[in-house]
Structures are given as C-alpha cells and as structure tokens.
Amino acid sequence: MEETSLAARLYRSQKLIRRAEEEIARIYPTDKIKSPVHLSIGQEAAAAGVCEALQPEDIVSITYRGHAGYIAKGAPLKKMFAELFGKSLGCAAGKGGSMHLVSMQDGVLGASAVVGTTIPVAAGVALALKQRQEKRVVVCFLGDGATEEGVFCETINFAVLKRLPILFVCENNGFAIHSPLSKRWSTLDLLSRVKTFGLSCHDVPDGNPFVVYQEAAKAVMDIRRGGVPGFLNVAVYRWKQHVGPGEDFHVGYRDQAEYKRWVKRDPIELVGKTLSEKTRNVIDNEVEEKIAAAIKFAEDAPWPNQLETFSQVYA
Amino acid sequence: MEETSLAARLYRSQKLIRRAEEEIARIYPTDKIKSPVHLSIGQEAAAAGVCEALQPEDIVSITYRGHAGYIAKGAPLKKMFAELFGKSLGCAAGKGGSMHLVSMQDGVLGASAVVGTTIPVAAGVALALKQRQEKRVVVCFLGDGATEEGVFCETINFAVLKRLPILFVCENNGFAIHSPLSKRWSTLDLLSRVKTFGLSCHDVPDGNPFVVYQEAAKAVMDIRRGGVPGFLNVAVYRWKQHVGPGEDFHVGYRDQAEYKRWVKRDPIELVGKTLSEKTRNVIDNEVEEKIAAAIKFAEDAPWPNQLETFSQVYA
Amino acid sequence: MPKASRILSYFEALNEATVQVMENDPSVFLFGLDVDDHLGINGTTLGLSQRFGEGRVFGTPLSEDAMTGIAIGSAMAGQRPIHVHIRMDFLMLCMNQLINVAAKAHYMYGGTVKVPMVVRSIIGKSWGQGAQHSQGLHSLFMHVPGLKVLAPSNAYDAKGCLIEAVEDDNPVIFVEHRLLYGTKAEVPEEVYRVPFGKAKVVCEGNDVTIVGISNMVVECLRANKILEGVGISSEIIDPVSLMPLDLKTIAASVKKTGHLIVVDNGWTACGASAEIVASVSELLGDRLIKTTRLGYQPTTCPTSPVLEKVFYPNPVTIAEKTFSMVKPGSPEWHPSPELAELAYQTEFKGPF
Amino acid sequence: MPKASRILSYFEALNEATVQVMENDPSVFLFGLDVDDHLGINGTTLGLSQRFGEGRVFGTPLSEDAMTGIAIGSAMAGQRPIHVHIRMDFLMLCMNQLINVAAKAHYMYGGTVKVPMVVRSIIGKSWGQGAQHSQGLHSLFMHVPGLKVLAPSNAYDAKGCLIEAVEDDNPVIFVEHRLLYGTKAEVPEEVYRVPFGKAKVVCEGNDVTIVGISNMVVECLRANKILEGVGISSEIIDPVSLMPLDLKTIAASVKKTGHLIVVDNGWTACGASAEIVASVSELLGDRLIKTTRLGYQPTTCPTSPVLEKVFYPNPVTIAEKTFSMVKPGSPEWHPSPELAELAYQTEFKGPF
C-alpha cells in the first residue's frame, strides 16, 4: 500500500508539521497563542526524516523550535495546541508554552528556551539507558548556533568516552536569529571537528528528506548495535522569521534569492511528487482533520485553575 | 659570550624555576607557606622555552600552577615568595597566594584557581591589544585538563574569528590531578581538533626546551605579523604531587617507570650539558643568590595590616 | 551650559548614553549576541555598529561564558566593554566568570588590576516568556562583594546610570526590564550621571514606605493611587542602585512611617527584599516597625496567561498587602475592578 | 530492630550513607571529578568504585556544565545521580543547568518529569584557599524555587541528610564544609533519615537565639561557652535544612529570647542570614525584637593568614556581637585571650 510506504510516511509527517505551523501562524494575530513561537516551516525534513528512523520507545530531545520534533515523534497534536493556547490540557499543563513542549510517554524530552542546555540533558538520558542496558536510542536535535556553546563539545566528548547511545542531529539553517555562520564560526569545519572527538559523522548537505532518513537509519542502527555516538548534519532553510509567524526578507539580513532556491526544493513537494495524487489527497485530508480537531480541542479546553500556579514547584 | 646564549638563557630560566620550587618544597613543612602549592618541577621547559620567545612587553596568562610562567616571564621572585608567605609585599599584597600570582608590569596576567577561567580572559587581553593596534602578543598557558572545559572551544573559535594575537600553550602533563587522559578524552586528537577551528598548530611531543623555544618563536612571529592564533602542545611530566611539595608514586595512579624515563630527559640537564661547567656554575650561583635574597625578603617583609582585609574590594 | 531636556523613551535614553560614552572614550566598546542586527536589543543599540564600526560594536557566537571572560580580559587591559544579554536568565551561563573572576580580580590580585565592565541584561515578562526568559536575578549578584548592581526604573535614570556604570572602574550588573523600554521621561541631552548608592523618594507619604525595584516602581506608583482612595498615604522609594544600597534614605522613611513593604521584581527568598527588610530591622532596632515583602510567587514562572497573572506582584496585590499591613484590624479590602483597571492604565512619566 | 550507634567522623558517615543508598537502590550512582581516586573526596567516596564498579562510580572530564546536564537527564530518565564537586565555587560553572533546568523542569514540563539528583559540594576554608576555593554559596540556591538546600553540621545529620536527599524526588544542593570532615558524632548503623525543613535546637538558652549555619554551628557552640562566662544564656539553633527552612522553630525561640543573631558561613547581603532575619521580623511583627547578622566580611576572601582570620566569624566575634546586642548599654567587652583560646580548642560531639 502506497499510503504506508516510506514516502507516504515522510510526506504525512512533514505535511502535518507544515500545516500545523501554518495554522499557528494564521491564529497568532488573534493573540490566542500568548507564547513566542519559533516555526520550522521549510525545515521539516530534519525532524521527519530522523524520527522515521526511530522506534516508538526511542527518545528525542527537541529545542524551543520544537513543534516539528514533537509532531514527528508522534506526540499528541491536541496537547501541543492546548499548550500553545495556555490551557490546562496542554502537554505541559499550560506551564511551558511553545518553547517547552514535552511528552515523556512518546519519548519527547522537554525543550528548553536556553540554547544548548538540552544537549547534556539528552546525553544524561542516554547514560541512564546505557546504565540500565536498555536498547533504546536518544536523538538530540540542536541548532547550528547551539554548537557554539561550550557544553556541546563537553557533551560529545563525554558521550564518546562512555559510548552513549545517542545521535546528535544538527538542524543547520545557517543562522542564529539574524546572525549567519560566517559571523559566528571561525571555520565551517564542524564535521571534521566532531570527528576528532570520535563520533561517526553523517552529512545531508541538501536536506533531502529521503537522505536524512537513510543517514539517520544507518546511524541509529549502528548505535543500537553498540557503536560510537553519531552526529548528523542536516542543511535546512528557515522560511519564516526567527520567532513569530511572519516573513522577514525585507529586514535585510538574508538573501531572498537563497530562500527561493530552497523553496524550489521544498522537502514536502520533493516527497509528494513521488506519490500518486490520490495518496497525497488522502493524507492531506487526514492532516487537515487532525489539525482541525487539535485546534478545537485547544479552544474548548479549560483554563488552568489559578491555584495551579503554586503546584509542581517540587515533586 | 656563552652566558648570554640561547642555551644559557634557557638553562638559567629553568634552573631558577626548579630551584625556587625546590626551596618552596623545603620550606613547606615549616608552615610558613600557608597556601596550596602546585609545583612545575619537571615541567620547566614549557614556560622557559615559550617565554624565551617573547618580548618584555608581551603578556602571559598563567594558571594556579604558575610559578614557572611567572618566573620565566621575568616577574620579581621576591614578590612571589612574599606572596607565598602571605606578606604585604607579595605580588598580590598577600591576598592571592600561590594560586593567584600576578605581575602586570611584567606582563603576567593573574592566575586563577578555577581551571580554564583564564583562557577567555587572556583572549580578552588579546582583543584589547588588537583594538588598540598594539603589536604585542598574548600567550595563554593552560593544562591538558583545561581543554575539557567548554570555554576552551568557545574561546579558540572567537580568537580565530577575530584573529586575536594569541598563542595558546598546553602544558600537557597527561594528568588532571590523578586522572589520566584516557579517562577524560574521547580521543587523543586534540591537535587535529584545534586545527579545525583554524588555529596554526605546533607540537613538541618530547618537551625538549630548545624545540619548545623554536616552535614558540615561529608561532609568535607569525602572530605578530598578523597571522592566525596559534596552539602549541608541549608534552611534559610533573615530577611532584598535583598539589603540595612531595612525591606520590606510592599512591598508585601513575607509573614510576614513566617518571624515570622523563627524569632521564630532564629538560635542565638536556640544556645544561650543552654548556661549559663554568657557565653552569656562574648561572647556578646567580640563581642561588637570587633565591636566597627572595626568601630573605619574604621572611623580613611585614604582615599586611588587618585593615587590608577590607580594602580593594572595589576599585 | 546644560542643553534642553526632551522626552525620550527608556530605550532611546540607553542608546543615547551609549553613543555619548563611545564618542567620549575610545576604549568603550559594545558587544553581545544580536547587538548589531536590525532590532538592536529593543532599539537600545540601533545604529551603533554603523556609527562606530565593527571593531567597536559587534555580535558574537553563542558563547556567553567565553564572551564574559573576554570582556573581563579586555577590561583588565584597559578597555571598557559593555556586554549585552537579551535576557538576564542567560547570565547563568557566565556566573563563573562574573562571580569567580570579575567580582574578585581587583582584590585577589592585590589591587593591581581593574575590571571596568558593564553587563547589560534584560528581565523578560509576559507573553509566555516562561520559566527561562523571565527571571530577575539581580539578588544573586548583590550577594557577592566586588560587583555593583544598578536597576534604573525610568529613562532619565537609565541614561545617567549607564554613563555612571561605564565610567565606574568595577564590574557593574545593569538590570533592565522589558516593559520599561517604551516608558518615557524628560532626559537631558548632555552627559550626566546618576550616582551609585543613592535612593530616590519618588513620592512622599506618611503611612507606609513602599520600596519598588526596577519596573515595580511603576506598579507601586499605581498602587499608591489606589491606596489614596482608602486614605493611605504611601511613600514610594526607588533604590535605583541595589549594590551599593542606600539604606539611609529607606530607613529614614521607615522611621517616619513605621511600615515597610518591599516589592521586588524577583523572588523574595534571600532576595533584595530580604536584604532591605533585614537591614532596616537592624538599623531601627529600638523601635517597633512592621515589614513585609512582595515579589515573584515562590514558584517557577508559568506561561499560561491565567497563571502568569498570579505570578507577578501588581498594583492590586501591592495595595491589598499594604492595606492589610497598615490597617491590621480592618476587614479585608479589595479595590473595585474599575479602580484597579484605572490603575493599570495609568502611565507615569519619569524622572521619578 | 535498630542497630547500635558508633562514633563516626563526618566523612565516614557520608561514605556509609552512600554505600547504603547504593546497596538499596540500583538507580543511584555517584560521579564527579576525582570521586574514584585514592583521596576519595576527603574519604567520603573511598572504596566505592571498587565496591560498585566503574559503571556506578566514576570520575569525569573537567566539564562541570555538561556533567550537571548529564546528571539532570539521567535523573529525568529515572536514575538517582549524586554529583560531587570538591569545591562549592565550581558550581558557578553549572548555574545554568542548576537554575535554568534542574530547578524548573518539574514545573515547566507540567509535572511530567522529576529530577531526583543530589549535588554535593564542599565549602573550603583556611590555608590560603583564597578567593575562589572558599565560598559558601548556598544562599544563591535558596533564592530559586525548585531547589532544596541542606547543610548538615555533624556526622549524624550528614548521614541522615544524605539518605534523605538521595531519596527525595527533587534536585538537592548538599552543602558540606571542609573543616567538618574530621568531627565526630554518634551515628546509627542502620539507614535513617533527617527530614527537610526541621531545625534543631542544639542547646537551650534564654537571652538570645543564635542560628548557626553549617560549621558555624560549632563556632556558635564555642561562643555559647564564652558567653556563659558573662552570664548570657544563648539558645543555639541549627537549621540543618536551608530550603525548606524551619522558621517556626527559630521564631518560637526568638519569641522567648527577644534577640536573634544569625551566623552564616557565607556573605550576609541577600544571604541566608538576611532571609532568616527578615522572615522572623515579619513573623513576629507585633513585638520588638533585636536582630543582627554575622558572616563573611563583605570582601573577597584573602589568603594571608593574617587577613583570613579577620574574614571569618569566630567564637570571639560571635560572642562579642552577641554581648553588645544583649547588653547594649554596657561597656565594650572582649573575652580574655585564655578564654578565647580555650573556646577554640573545645571539640563538640554530635548529634546536636
């Protein structure tokens, strides 16, 4: 059945991310979402391709730009929208917002709004799995900017030293907010650098979702068999502003021509065109229904009781 | 004149370090030095060789294992001993002790007892020099352990990005306290890693002081001419315990046979044997006089007034 | 001859202060993530990279720890860095450099170096900033000798404090607040300084002394209006400088009113409010005074607007707390919704 | 059936507690720089790597920031890490993980994760430890909701607190003191717990309440002896747990004595001592009490023994401060050198 093929799965996952975020962008001006949102529109290949290579019991660690990873790993969309709406049925009970999505049952570690902080936390989870001799794998998503924080090098050193079951995935969109790599990296040699720490490195320079999946699958299999930790660089392009629902080509920090080149290679279309129109339609409808249901769920969900302000400070 | 030859200068500098620290070890049991001391006995080649390649107006950043760098850069021995004795005429007015030696006039940046913290501080000094277009160079000494702190990678990235006039010198003694590299480094590939940041790398795997000098001189000249920052790895061996005046081969974390191999290549003898006995004697006497005078100075120096406890909290 | 004052926003005042110190002293430079982009840190650094060039105004990699050490080193070497952080929460990444190096260098090196640096940092608030983008952590810095801490509440003080901070020979933690950038005050064009260690009596009163920190000064002024309605006259004090702290002015006021409430933009436990209450209690040891504190609820900051509202002190909670302290016997009192609404909307124009 | 007590040193008590929690619960592991060497963190971790193997007891690279995140992650995944730092000063390297992640995770993720971890850290003192190896920074952690803070002053509490801390489902900052490791107390062999939030009245008295933190409890006991000589009866209280803090016990004592002096092993500004004084002042608002604080001098810690002596509170300065508070009219009093000497030498045996 085409609808359960790899292409269909990658299409479905990416489409769900894209459309969910387009809805977020649509709703945002109504002020129903009182939370800073960092959209992954255009970057869907990374989360979708990597998560396709995982088992449900595997774990992903996401960032504040985390809708994509959350959705791709299969965490409930309803709870995500409810969280964005600040409702009690949100995945973090309305206490986390868009920057702190979490779903432990689905193997989604909570995201952090402080860049880089989740990197060692993800490695800590991998350490726990190793100590308990579980065969699960952790995937740690991070941005290109996050690799500049010292904790990144500290963590990959330790991960190799203890052979932790972890794959680091750099969603490399070339920018940290408005600052390009050239203003932040002394050289572009990230992969060779990571290699010197002993990780097994993989690169997807064109962000093709099929290749992302293949490379991730190889890396994950290797890790599951006891290999060294992996590092996967995925080149992607952020279509929207750093934070917020709009576009930002008018402000001048990046080149719209480059954007257009990336749009031409839209990872969703790239997968979509390998599917029949019928399959695409089936999936598209499924996606729309899911999103509509999630938004309705969020709208209808109750506000948290004000007393909840004081609960859960301590476990 | 042989006494002003390179060999004589390296011999003098190393000998002064060695003998000063032997005196510290001798005095230590009297409790006159109420300060933790980290000795460089055996490791003299790094400080002596590198500082020989510097101009007086150049700057060095030292660590808590800093007697060697302080002495090699030409800072006053008297003030060092007075500092160790907790006297008011110490280089830090009795407020710093052995771990915080400093002598700004001689281009010795203050040392820190928190490993790695001096690395960005040294780079900051280099930035200031660059901003003021001064032609001076900064040398930042650091231990092998210090490269594990995230701030090391953060700093070398920035140093290359801004082409700071700085040479990082790793006094690589293979241990952090009692922990060998194998327990701390995922691979031994430090130099290739540093290269990926774009620094120009130099290695002295046998710690030969002549070679240290040569490599440092090359690196410094290159930096002074506007080249990229440098990194110099110097293999050395610490003959004494991590902290304190004694030996520690009985406790079992390292191999005495290795120690013996290093003693056979004692960097002072290595240089000394290229000199005439007469020259050695002249220098040895000079060294002993200097040390005796410094100890006497420290003994005779007054204690700080107790009110000094409260001064210099703010500038 | 002093030039005329204009009405400036807080962000414009900071921008102008920076321009002036950079014009006057070539050793001043400005750096930090995003100081050179088109948003310019809420407008406070807009235009500066164009004006002073990349050598003196530049963005950085995401490496707060190293960047702080670099600021320190450059300061030791005679420069005067201004290092900017878009959120105060990020200072937790450079505590080692701030606490273990910057605060201690002058003393630990026997007075042979100075560390004249300014660390600008912004307290976030509202719109689901949440746990990690909302913290006012100034109290942590007040704990450690060697640091100075400033928290100007209006455009006039912002400009004068920033100039004072840059010219000071010590590391200064400069606390800004997201909701203050749009507030306006009369700000002289010329260079002027607001000194460390001098609190301001923002408005006089007899029944209770209310100390407000950072943008809580504005909330306290609103509470003051509400309290007028029930005949309570409150004296509002803005410490401006948290370290050194002008306890004299505060204690003198409390001596008069007998009541002290400190309203902080941060948690109360071991906070600035604890320090002020404890110090005033000690200073006025021979008389009975009543003291209390308000600040963030003792919880992590939630994002849902429903919960976020409970988290922060506001004019109503300040007024109610004051009322119950000043009139302990009285039945509970809650300002009418209209009064509360009105208070929230009142804008105050500095300088206070 | 409880087993017999023995006299143990503080370090032995911590070692025994660790063995017991690790025997009882396979999810507990111990790591940190040098936990596996022949010194074993002042003896507290000696023999543990041999006993439990490298998988559960291991040294680390010098990467405090990452190692803290790793502890947090492992805790979220159900392990119970004990992370050891040979000096509390080094916690400044991992403030981001402790303050921005560990303290907030349970709340920020809506209760869906727990972070049961213990961060052991040692306050250095004496022998020229100096500016960066001597800090008692517990107050910084008391400021931030989500963390618990323990500071046991004797071997009995050390063991019971460590077991309690490891079993607790929250991040716990566990404060030890270098000079306490050799002190002895009766310590039961069996597993027992010293609960959070319960202060201990170490010795009863009527004239003044003296709260001592960490090893200052011992110094306060010495001061108590000196004060007996001038007819002042002091009640010494050890909070043991700093967050949560048992204010009730302290306030009840102050209600009786009318005088409160808090002696901390840290700075006073925005410190534990400020929190205790402010809270007690608020709680006992309707009566006149006298309060004061003692702690590190408001300076950086110097290394020269001559200066270091001035930096710390000691039995004499505690006694003098107490005397001048309790007998405000009296002429200045200084304990005789012999009495002071004697006090310094007095050893106290816990449990207090």
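Remarks
Lettered A, B, C and D in written order, each chain numbered from 1.
Going forward, a residue touches a chain if its C-beta (ideal position, glycine included) is under 8 Å from a C-beta of that chain, and two chains touch if they have at least 3 such contacts.
Computed from a predicted model, the values in this text were never measured in an experiment.
Seen from the C-alpha centroid of subunit B, the farthest chain centroid is that of A. Rounded to whole angstrom, the centroid-to-centroid distance between subunit A and subunit B, based on C-alpha atoms, equals 46 Å. The mean-CA centres of subunit C and subunit D are about 31 angstrom from one another, to the nearest whole unit. Chain geometry summary: the mean Cα position of subunit B and that of subunit D are 36 Å apart.
Taking each chain's centre as the average of its CA atoms, subunit A and subunit D sit 42 Å apart.
Residue numbers of subunit D whose C-beta contacts span two or more other chains: 60-61, 63, 65-66, 89, 92-93, 96, 100, 107-108, 130-132, 145-146, 298-300, 302. Shown for subunit B are the residues that touch two or more other chains, namely 90, 94-96, 100, 112, 114, 148-151, 154, 157-158, 161, 183-185, 313. A complete topology is adopted by the chain contact network, contact being made between every pair of chains. Taken together, the subunit D residues at the contact with subunit A in this complex read 29, 55-56, 60-61, 63, 65-79, 96-97, 100-101, 105-116, 145-146, 148, 169-170. The touching residues of subunit B, counted against subunit C in their complex, run 90-96, 100, 102-104, 109-110, 112, 114, 117-129, 131-132, 150-151, 154-155, 157-158, 161, 311-315. Residue ranges of subunit D in contact with subunit B, taken from their complex: 33-34, 37-39, 59-66, 89-90, 92-93, 127-133, 297-300, 302-307, 309-311. Looking at the complex, you find that subunit D touches subunit C at residues 65, 89, 92-93, 95-96, 99-100, 103-104, 107-108, 130-132, 137, 139-140, 142-146, 243, 266-267, 269-275, 277-279, 281-282, 285-288, 290-293, 298-300, 302. Remark: subunit B residues 34-36, 86-88, 90, 94-100, 112-116, 145-146, 148-150, 176-179, 183-185, 251-253, 303-304, 306, 308-310, 313 touch subunit D in the complex.
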